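Shared chain: subunit A. Partners: subunit B in the first complex, subunit C in the second.
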Partner chain A sequence: MKLSRRALLTSLAAAGAGVTAPGVFAPAVAQAKPCRIGILAPRSGIAASAGESGLRATQWAVEKFNVGGGIAGRKIELVIEEETNPKDTIERFQKLVQQEKVDCVQGIVSTGVGLALGPVAEEARALTIYWDGTTQDGVDEKLPNPKYLFRSTDNECEAVMSSLLAIKHWKGQFKTIAGINPDYSYGRNNMAAFVALLKRFSIEHEVVTEQWPKVGTMELTSHVAALKAAKPDLIFSSLLFADLPVFMKQAHAAELTKGTKLVFPAAGWQHTLMKKDFTPEGMIFGHNTLYFDNPKATALQREFVAWYADKFKDYPNWEADRAYFAIASYKDAVENAAKAKGASWPAIDDVIGALEGSSVESLGGKGSWRKDHIADQTFVQGFSTHANKYDFVTLDPARIETMYSTELQKPAGTNFWDWLKMAKFQI
Partner chain B sequence: MPAAISAIANVLIGGIFHAAVLFLVAAGLQLVFGVQKIVNLACGSFYALGAYFGITLVNFGLGAGLPDWTLLPLLVLAGLLMVVIGPPIERLLRAVYDRDESFQLLLTFALVLMFQDIFRLVWGANPRSLNNVHLVYGKWTVGDFSVPVYNLLVIGAALLTAFLIGLFLKHTTFGRLLRATAENRAMAEALGVNVRAVYAAVFTLGTLLGTLGGALVVPTAAASLDMAVEFVIEAFAVVVIGGLGSMPGALAGAGLVGLIRAGALVLYPEFEILAIYLIVIGVLLLKPSGLFGKPAA
Partner chain C sequence: MKHGSALLLVAIAAGALALVPLLAPPFYANLLVPFYGYAIALLGFNLLFGYSGLLSFGHALFLGLGAYTAAVVAGVWGIKEFEVALLAAALAGLIVALPLGWLAVRYRGIFFGMLTLAYGMLAHAVLFKFYHLTGGDSGMRVPRMHLLGLEFAAYNKIELLAGPFYYYCLTLCALAAFLMWRIVRSPFGLHLRSLRDNAQKAEYLGVRVHQFRLAAFAISGIYGAVGGTILGFRTGLADPELVYWTHSGHLVFMTVLGGFSSFLGPVIGALALTLLQDQLQSLTQYWRLVLGAILALVVIFLPRGLAGLAIDVSLLLGRRSAPSTASTTETA
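Presenting the complex of A and B:
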């Protein structure tokens, strides 16, 4: 066969389009073909336990959805890749989109990775739903109104909620405050948000020391000694990796926790390691969007927690909820879009349109997507108690507080610090 | 005890405890480099292995009904048992003894990554820790000053280790053979020293220092996939300050790093890392061989 130059270029262009534009995003794909979802989750390093919890929830959801027919009649197939540093994760993302031709990419725990990956997802025109990563540089949104990317709630939600609880319950009971927070934007912004809210509510206070250990520091006795020397009435800490139980253990041994009020907005990421032996009762303890032992849990949460406990002899943290929310909201959007299209598989734009403003029941409660593709979810915090059947602390059932993130995160286009000064908080 | 004195004592003991932990990691690194001239990044993995296995053995032992006070013997046993990985790894490293340092670094770094995967496979991705069982030995409390006796035992173990290694190197025949091999491998070999056996023994001893250190420290901390890397970086600061290959240097370097860090955390926490590396830079500029290291010939 004689091939003209024009025909050759046309064929190459068509082939190129086939490679660069993921086939899964094309409408009306045969129903028998599985719906492929790419997952990018940390499996090693400091966020490995979060990644594991999220992966388990995704696998549970896939099994459950596949029993019910998958997504709009297509069985779900997972393609799992590891989230590591931004560069390598972006390469794996491109592999998922270009080679594996997944319908949707989900995952991402680190905001550092999320920030770098956001523009790549937009460029690739690949529907991407983050579990826990944002596209914030500090507290500033760097990718406002993306088309293909949907990202999690602001990282500061839990700090805002804990700060409000501390003000509500302990106003007038503390004056000197100290912080021990991870030395990156998350820890620094959380501490700054706490102080800003104290100012906003005219709480007289004095910051006596601020400690900034590197993420994952496992030997914190010197930090504990520095905190003890400062004699704070209250300690605010958004430690959340393996360093958190270590800090608590060393603080307990040095009697730092005795008589000191503790505000720990992200402690729930390590909840099963927060043993009663060294974790006091009465501290403000954040479980973010999933408190596994919530007495007001839905049937869905109860079913998941029972499965998780039975299968892994463990209890899930909030990353499980984030992962479930991602896949459940994607399923919901595809099926709604398909229904509107007369049951044919929807185009990516239709799925995006269906996701915007949608709400689903996630494991920890209601979750929804704002028009600017930022999630709203249900946050749970409370006061720690030893009165339970576990060897770690849970929340006092009588003192559990639930807030929806519309009360905790800045609206679209707003500066976080300005919003803290103006927002109407319900205490 | 007056409050100010208590506060200073708390800070000092915190710094010394951190120094003890650092010394236990750095000692293995120093010994292996001193004799074999290999920068063994995997010493952090041995430390992590000791920590993970220490938790397993303590949980098993206490779960089987042993009294809580057996914590320390169980941890020492865990460190001793895990030394079995030393000889096969030393056998693997023979492939790079005579090659460029970059090969040695690559191979030992590969071991760090492989160990991380093995830890995940065996112990899972979640950090592992013990309950507050280390408080079984009580606390030493005077006024506002309070320190778990176990922490003092770890400090004692680090000092004892330094003393015993010094004794071993200076006053035993095998110690003399080690020093001779470290000074001049070719000459030692020519005089009939079985260098291969010396290397195997030194590496095994270095492994023991790591596994024992990890096992002893874990009751106050936790075992996690990243712990191998965390301490190795600081251990390098210790060896640069003390002098690569010098055991007294490791002790002095660890003490200096621990105390400087503790002081910085009280006076100006933002300087925690900066203060340590300013000392490192100062030593590199003024005495490149380190405080106790021998200048390069």
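Presenting the complex of A and C:
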């Protein structure tokens, strides 16, 4: 048989079309292709320890999930980029989406970055799950009903919980209060929330001083001196970066911690640096959504903490839980959506639909997604103790309190300050 | 390098940049948008540094000013025309630069540097502390705007940046470069160079030192603000970090890397740093360390930056080819 050039070209074109046509070999190719997850996490500067904790938890989860077949049969592959300032992080995000073609982006610790990145993620139509970032400008939601973006719990959850604990346990035991909080919206809103709740519960109080050190400032002597001079009965502080242990050391040296009640909603970010030498017992100490030494921890948390301690000679902070929640809920949603579609890889809209309203067991307890794409998670706080095997403070096992964030964060569409006035708090 | 061949090289480079959205993956077009912002700002910065001998450590103030002006124009006043934001930013740059420059240009060297650094830190403090006006640490949103009256509604933001906005910025950068070229080649530019080389002698010859430096400061402020408007539009946010001293250091780094002794040196530095940082950030978490080492090496071994290196290489090649051509002619 003679094969003309035209016939050969037609045959080649037909064969090419057959191979490349969607649907012919696509499922097999799709299953073989790894599921790429882009991670944006801080790796230097004041939030580096949080980023590292989150990254380690993600890597642990990926190892674990990949042993079990990955996500809906696709092995997971991580593409890690650094979260820095808003401008550069948006650049890294675009690289993950446009260049690396990831299936989902996860990460973000800074609210400033989260606020800037939110609209970009929406515009890019890229499924994005924040670990700890919100899209709140102060306490006002700037992206009320995003389609592609899933945000963490409100930043004020821990402050609300600490305030409620202080009121519950110390009502009538303090009158003068002071604050030392980082000078940005997080610190200012936390302090304001504490004062608002004191008013709400008719706690007689007087704010004797408010100190606002710049985030990450290590020279806190003047702030400590101002607090000492004010002689408050209670100090409220949402310091949470590397400046927290420095403050505690200086406060201890100035005998500020003696006889003063301390309320520290976010101290758990630096928990292993809060040494017994200078951190007193009996302070309200927040661990956010993961307390590594929780006596009521699930088997999942115990397994993770044991792996973390063995591998890194360290103990994870709550960022690990946020990161695990992000990847575990994504896996759960993809698999549920795939099941509903007869095992084929689901479209992004199907994954989003499956994420909304879903719940998974995270490291620190139950976590779920609201319809407005804001997370609900389990918060743990308590009173510090020296009675442990570590060189840093932990929580007194008899006085650990756990609250689900439905009790701690404003419902969709409400104003935070109005909600504080009207919410039914369980004290 | 001869004037004609330099022009040809610039035209080839501009042509190559124009092809980026068509030939390169869309990410690279997106990546280069801030490069245009920096390139415009650095053209102004180098009028001050390279041509007038005044090294500002607070120049990021003007980039921040441009971004915040765009946020106010589009976000607060609701004017969605990018050209209005650019004009407003240029005007704001001029208005702010005049009083700041009036005081600063009386000093030189480290004193000028420290004074401009102080301006930057003051601006950062104002933006950071005045929450109700500036949004504090959260900054102000810079909404999407129309380009030349066109909304480009069919494009999402990433497509807009990698397509129409890319060409818009390329054109703006080319216009800004042409204008700056005319400025530095004008008698005004010659006056600035004479001030840089020997201010006392120039003053004896009748050059009004403070006025000329002030004019350079004002022009560089306008260029900085225009560059900042591009950065703000691209990120969608004006935040206090834009005016922080580390961002000013970033501008100095770009200028030194590219070479402040040549007209396009800072622009080359901006392009090199943008691409280098992108690659390094993906390769290693210690990218800052590598960038620091590169800066040290450039200062030690390439004090005239990448542009100086390119000129040296072209001169060397020219010298080598000249005798060989001569010998060929002789042989023939």
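To be clear about the criterion, the second predicted complex is superposed on the first by the 398 of 427 C-alpha atoms of A that agree within 3 Å, B and C clash if a C-alpha of one lies under 4 Å from a C-alpha of the other, contacts with A are read in each partner's own complex, and residues count from 1 in each chain.
Here is the rule we go by: a contact is a pair of C-beta atoms (placed from the backbone, for glycine too) under 8 Å apart; a residue touches a chain by one contact, two chains touch by 3 or more.
As the structure is a computational prediction, the values presented were derived from the model and not from experiment.
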Which superposed partner A:82 touches (first subunit B, second subunit C, both, neither): second
Contacts of A:124 with subunit B and subunit C, given as first, second, both or neither: second
Touched partner set for A:360, first subunit B, second subunit C, both or neither: neither
Subunit B versus subunit C as contact partner of A:44, first or second or both or neither: both
First, second, both or neither for A:90, with subunit B first and subunit C second: second
Partner chain(s) touched by A:300 [first = subunit B, second = subunit C, both, neither]: neither
Residue contacts with subunit A in the superposition, subunit B compared against subunit C: B
Partner chain(s) touched by A:347 [first = subunit B, second = subunit C, both, neither]: neither
On subunit A, the residue positions that both subunit B and subunit C contact, one per complex: 43-44
Interfacial residue positions of subunit B with respect to subunit A in the complex: 7-8, 10-11, 13-15, 17-18, 21, 116-117, 120, 124-127, 129, 131-132, 134-135, 139, 141, 144, 146-148, 151, 217, 220-222, 224-227, 230-231, 258, 261-262, 265-266, 269-270, 272-273
Interface residues, subunit A side, partner subunit C - complex: 43-44, 81-82, 85-88, 90-92, 94-95, 97-99, 111-112, 115-116, 119-120, 123-125, 137-138, 142, 183-185, 188
Contacting residues of subunit A [partner subunit B, same complex]: 43-46, 48-49, 51-52, 209-214, 216-219, 221-226, 228-229, 242, 245-246, 249-250, 252-255, 270, 272-273, 275, 277-278, 314, 391
Complex contacts: residues of subunit C adjacent to subunit A: 25-27, 30-31, 34, 128-129, 131, 135-139, 141, 156-158, 231, 234-237, 239, 241-242, 277-278, 281-282, 285, 287-288
